[in-house]
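These notes open a run of structures that come right after.
Common to both upcoming complexes is chain A, partnered first by chain B, then by chain C.
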Partner chain A sequence: MADQAHAQTTARSPRTAVVIGGNRIPFARSGGAYAYSSNQDMLIAALDGLVARFGLQGERIGEVAAGAVLKHSRDFNLTREAVLGSALSPETPAYDLQQACATGLETVVGLSNKIKLGQIDSGIAGGVDSASDAPIAVSEGLRRVLLDLSRAKTTQQKIRILGTLRPKDLSPNAPGTGEPRTGLSMGEHQAITTAAWQITREAQDELAYRSHHNLAAAYERGFFTDLMTPYRGLVKDANLRPDTSVEKLATLKPVFGKELETPATMTAGNSTPLTDGAAVVLLGSEEYATAHNLPMLANIVDAEAAAVDFVNGEEGLLMAPVHAMPRLLARNGLTFDDFDFFEIHEAFAGTVLGSLAAWEDEDYCKRVLGLDGALGSIDRSKLNVNGSSLAVGHPFAATGGRIVASLAKTLSEQGGRGLISVCAAGGQGVVAILEARN
Partner chain B sequence: MTDRYVDLVNTPLAARLAKALGLPRPSVLRRYTPGEALATKPVLVAGSGAGADALAEVILGWDVEVRRHVLPGEKLSAAVVVLDAADSPADLSAPLLELGQAVKLLVPGGRVVGISRAAEDTSDPARAAARQGIDGALRSVAHELRGGATANGIVLRGQTTTTDPSTIGALRFFLSGKSAYVDGQLIEVQAVPEDSVSDVAAATAAEGEGVPDRPLDGRTAVVTGAARGIGAKIAEILARDGAHVIAVDVPAAGEQLAQVANRVGGTALQLDITAPDAGTRILEHVGQRHGTLDIVVHNAGITRDKLLANMDAARWDSVIAVNISSQLVMNEQLLASPVFSPTGRIISLASTSGIAGNRGQSNYAASKAGVMGMVRAQAAAFHGGARTINAVAPGFIETDMTAKIPPLTRQVARRLSSLQQGGLPVDVAETIAFLASDAAAGVNGQVVRVCGQNLVGA
Partner chain C sequence: MSGPIAGGTESGEAESDNTTELDQVPGLPGLYRQALALAARRRMGREDAPSYLPDVQHVVQGVTADRAELTRFQHLLRSAVRDQLPSAYLHTLAFPVAMSVLARPDFPLPLLGMVHLSNEVHQSRQVGASEHLEITARAEDLRAHPAGTQVDLVTEISVDGERVWTGRSVYLARGVRIASGTGTPDAPVRPAFSPPVPTGVWRLDAGTGRRYAAVSGDWNPIHLSRPTAKLLGMKGAIAHGMYLAARMVDRAVPAPSGAIDWRIDFHTPVPLPGTVTTSFRRSDEDGGRIDVVGWSTELRRPHFTGWVHPDRNDPDGPTTA
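So, the complex of A and B:
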């Protein structure tokens, strides 16, 4: 069956797009090692590490696509500026993309599609985020006053406009992860979903524990030596707690869902912390990789985005990947059983466990996803085998690049097929399939 | 880390002061710049016999003025003393006394190069005495020279002639600025079959300045410990000479390693060389990206100094593991692989501490003397083939490693050499680039010291 599916999945594309390799900087906790690094600094560091790994100095890459979720307005051309600051050829074009936490994965999808179509032969996809160096906006009141002032002609007009300024207008708006349409933070949204799917505190702590355990084991094996370049003295993800235990995690106080009727289960241990970091992935056509004597870790097969109505509808904010998944599998004639590795981004342990529960729920799958029955269950031993965001941390736009490079390497070592699922703010999500080359 | 004393003492006032006080007066050394002239003033070729005549002819072909005798008052860029025909100690008299006249006329940064035969290659006691005598004389001259001038020797093994490409390659190295901090050294050279290394002739029998600008063009070179210090400089110089460099260092040094790789247009490979499969992983990387590995520079090294009485197993074992055991394992993997070129070069970093010993460095000296032992044994196995292995033994080189030495000891260590200063990473790198080139095809199993003729380890 796997062979037949393979033929189906690759036959449709005009050309094959492959993952050649990746590079990221270790992820730092917000206010930590990269407290004074900008998004551009970190993206340049990630690019330069990739250039060094693959000898791309002065190369004109087909296109570089990346983005940041927390972005200064001056960084409108963040990726292009990073390219100019990197060791790549200044003739390498670049564009910015922003799709909340799905940014990184979506850049991979976009560039791999261009490669498949023959529009480019090589591409670098990725993302960066700094929660430390986040933009702070002036209040709406102050912004209006400043704009009016710039249009005022006479001194009298200026004095009158300044007179409308109120003290509260002077305090800045810190960036929030709150949803503009509901006012709820992402954690509070997830708390609703976590409660609705009756995900226990124990199950969430267990998932968090496994994330740290798997990440620590991956470091121990040297898994990251060709996926990572240290930055600013940081050589490992700062959030990793190799010695954490389910017992230790159980002592943490809940932080989200305290207003709900059900007991609050989400803690700082089973939710991702604010993180700084950057990740990039080198993509190419098979011809490009061959001509440059570069490795081919995995094929990028297909991807699907979805969005849900979390504002007026019933669905949870981070449940969009649950909707995208059956559509992607159906299009490729695959089921969960055809996959050897699952990378489900751990925004919160509850997100992963809620998604798994939803796919296993016959009633939900019929009623909400319009399927004939449950989509299926995922073998936990195949899930996030090298750790995921709970342990690594989650610099929003960098997570997609991290996942794609790590999964591609796993596939090159162990063969098989891998499935990626990333949820995003705004009720969105992207899922994608990678496949080993033999 | 920079030696401010050398800068200072070369200002007019300080120079006079230093002279009056009898302080050391180190010179700014003549270092290589691409396109440099080998000699701007005439070169003396002293000595009589067919070997000397033939060599004088070759040097004339380089667009250099050649003198067979010292002309009173005429400055000389270099003095080459050809003593290959010396049969008894009495034969040394005339050519060495001529050299004595020449050294007074050497320009700053001048060169003395002796050419002789190996004492081991004769069973005649008088001839062996003459040959060995040259060794002592040259090293003494090196101590006597001033103004950044150096004296070195080329020892012809077997039937090697004064004009074999191997001899010429070594001679050009000694005459050039590349050997600035090599002083009081004798390098043995062996004639190589013309066909074993196709480019030896091209690399050495240069007309005018026609020596290839990029003698390592198209080669791939692995440099371990390339994130900083001497290794980073080796990567840079090999790349300058045309090689594609695979820069290797521990993952923790990855940020600097990437910077080095990007600066030299090479690739970064994060790898701990003590990993049992380090050599295999290097071969895989090079095999996939380049097909062939031509040059390996075992540069990564550590110090964990303690008097032996206070030494613990962690200190001893880690130094042995990084500095020598890793190289033995990697060499085995290299030699078993088709990726390692049939004309491959291995160059290993030893140290003068491994020659003379050094208080507090029994572990380090064991590892570095071990390197020399390994090199000699492996060279014997390579003998007759086209691969070579050599060691370079730096003396005091200005790097992060020596910056850890206490200030006073460091100042003294710097002045202990004939050149009265520490060397720079580039001095080590230039010697390694020479050993990696076709010009050094006839150099095998040598330990070349880059130490400014440090008193330690003579």
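So, the complex of A and C:
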């Protein structure tokens, strides 16, 4: 079955796109080691390490695609500027992409498609985010006044325009994680979903504990040695708590869902903290990797994006990957049983557990996803085996690159097939399949 | 701060043969105060300036960069915040040690008012932000210049006994004639300046000197404001030479990974506020080298010329005597 599916999936592509390797800087907690590093600084730091690891000094890469979710307007060409600040050839083109938390994964999908089509032979995909160095904008009132002032011709007009300024206009706007159309924060949205799927506090804390435990074990066996470059004194993800326990997590007070009728279950322990960091992945055709004597960790097989109507409450904000998954599996003739590793981004423990519950629910899968029955269940021992965002942290656009590089390395060591699922703001999500080379 | 160097026998300094070991990098404001006092004593005839260089080098061990200061320096130059020290930042770290040689009571030229003519640096490898540096500085080759007397200031930075950075700065004491035996050379005939095709422009506002002073520690009044510059006989404030050098090196090679050599010659000071038109171009003779010119389109005169050459891999470099 697996072999037949393999033949099907690879036969469709004009040529194969492979993950050659990845690099990231350790993720820092907001206001921590990277408090004074900008998005461009961190993206360059991640690129520097990748360039050094794979000998890319002066190399013209086919294209570099990356992005940031919290992005200052002056960073309009963030990725191109990072390329110019790196040791890559200045003749390397680059573009910015932004799809909230799916940014990083979508850059991998976009560049791997170009490689498959033969438009480029190599690519660097990734993302960066800083919650510490976030852009702060002037208020809408002040912005209007400043724009009108720049167009005013007479002193009289200027005085009249200044007269419309109100004291409250002088306070700046900091970016939030609130959904523009609902006014609810991401955590408040997830709390609704968590309650709807009756995900318990204990189950969420257990998932958070396993994330820390798995990440600590991965560090212990040196898994990240060739996936990470230290930066500003940080050599490990600052959020990792190797000694945490379910008991300790149980003592934390709920922070989201307190206004719901059901008991609040989401805490700072089973939700991701605001984080700073960057991650990049080197992709290429098989010919490129061979010609440059570079490793091939895994093939990028296929990907699918989805979006849901959360504005009218039809579906939970972070449930789009649940919808993308059956479409991706059907197109590739695969089921959950064909996979050896699952990387489900832990925006919140409730997001992962809600997704698993949905795929196991026969009624939901028939009614909402239009399937004949439940999509299936996922063996927890195959889930996020090297830890995920609850332990690592989640610098929004950097998460996709982190997951792709880690999963590709796992597949190169242990073989098999891997499935990625990343949810994103705006009710969106991207899922993707990676496959070992042998 | 001025005590250890001026006093000569106080704690914080150990003299052996011709090496004076300082226990820390001296502060520039103290050195400037010390130089001012020395200049006053000499003017009043209480102390004579010697006519030869002191046979001494100053050494400071175990110097490390302050990461917060490094970050501010990198941000000001708009270079990436990396864990390695920009080549020009190594100059900034070592600069007070070099200045402490110039501020010695037995140094023949007046520190204040000396003009920075050029800088040439050979760096054999990149230096990490947490490495422990040994900084050595000495003065060499006191010689006549058409407009006065010039001297080389040689600064070396080593890590674990391995020399990683050598800088040679040439300074001119205008109107001072003390170098004996060589006579006064004639002023060289400068070829007419024909500006290259510009590749960029640096628009420097009036605060440029104050901001660079804050990240480099070089609060020389000629860079800070028009009134403070006028106190020292200037028409107005001028940009730090090392600010121009640091920007030049970072623009030419934004991500050095190994050796890097560079040189800058200062021709006309850059007034603040002011605009410098720039040209960065790969050398026709040597593709690895970037040639740089910064000039004033208004005056049709160069402010500075220079080059940056990464990965040359010449272990002794051009600056080693």
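Note that the second predicted complex is superposed on the first by the 437 of 438 C-alpha atoms of A that agree within 3 Å, B and C clash if a C-alpha of one lies under 4 Å from a C-alpha of the other, contacts with A are read in each partner's own complex, and residues count from 1 in each chain.
Throughout what follows, a residue touches a chain if its C-beta (ideal position, glycine included) is under 8 Å from a C-beta of that chain, and two chains touch if they have at least 3 such contacts.
All values reported here derive from a predicted model rather than from experimental measurement.
Visitor: Is the arrangement of chain B and chain C around the shared chain A a clash or a fit after superposition?
Guide: clash
Visitor: State whether chain B or chain C is in contact with more residues of chain A in the superposed arrangement.
Guide: So, of the two partners, B touches more residues of chain A.
Visitor: If we overlay the two complexes on their shared chain A, which of chain B and chain C does A:Asn293 touch? Say first, second, both or neither.
Guide: first
Visitor: Give one of first, second, both or neither to describe whether A:Pro167 is in contact with chain B, with chain C, with both, or with none.
Guide: neither
Visitor: With the two structures laid over each other on chain A, which partner does A:Tyr36 touch: chain B (first), chain C (second), both, or neither?
Guide: In the superposition, A:Tyr36 touches chain C alone.
Visitor: Going by the contact rule set out at the top, does A:Gly49 touch chain B (first), chain C (second), both, or neither?
Guide: A:Gly49 sits against chain B, while chain C stays out of touch.
Visitor: State whether A:Met228 touches chain B only (first), chain C only (second), both chains, or neither.
Guide: first
Visitor: Between chain B and chain C, whom does A:Gly183 touch in the aligned arrangement: first, second, both, or neither?
Guide: So A:Gly183 meets neither chain B nor chain C here.
Visitor: Is A:Pro14 touching the first partner chain B, the second partner chain C, both, or neither of them?
Guide: After superposing on A, A:Pro14 lies clear of both chain B and chain C.
Visitor: Chain C clashes with which stretch of chain B: 4-12, 184-192 or 346-354?
Guide: With chain A aligned, chain B clashes with chain C through residues 4-12.
Visitor: Find the residues of chain A that appear in the contact set with chain B and again in the contact set with chain C.
Guide: The overlap between the chain B and chain C interfaces on chain A comprises residues 45, 48, 51-52, 57, 87, 230-232.
Visitor: Considering only the defined contacts, which chain C positions touch chain A in the complex?
Guide: 67-68, 71, 74-75, 79-83, 130, 254-257
Visitor: Inside the complex, what are the residues of chain A that reach chain C?
Guide: Answer in residue numbers: 36-38, 40-41, 44-45, 48, 51-52, 57, 84-87, 230-233.
Visitor: Could you list, by residue number, the parts of chain B that touch chain A in their complex?
Guide: Spelled out, the residues of chain B in touch with chain A are 244, 247, 251-255, 257-259, 261-262, 265-271, 275, 288-291.
Visitor: Quick one: in the complex, what on chain A touches chain B?
Guide: 45, 48-49, 51-55, 57-58, 87, 222, 224-226, 228-232, 235, 293-295
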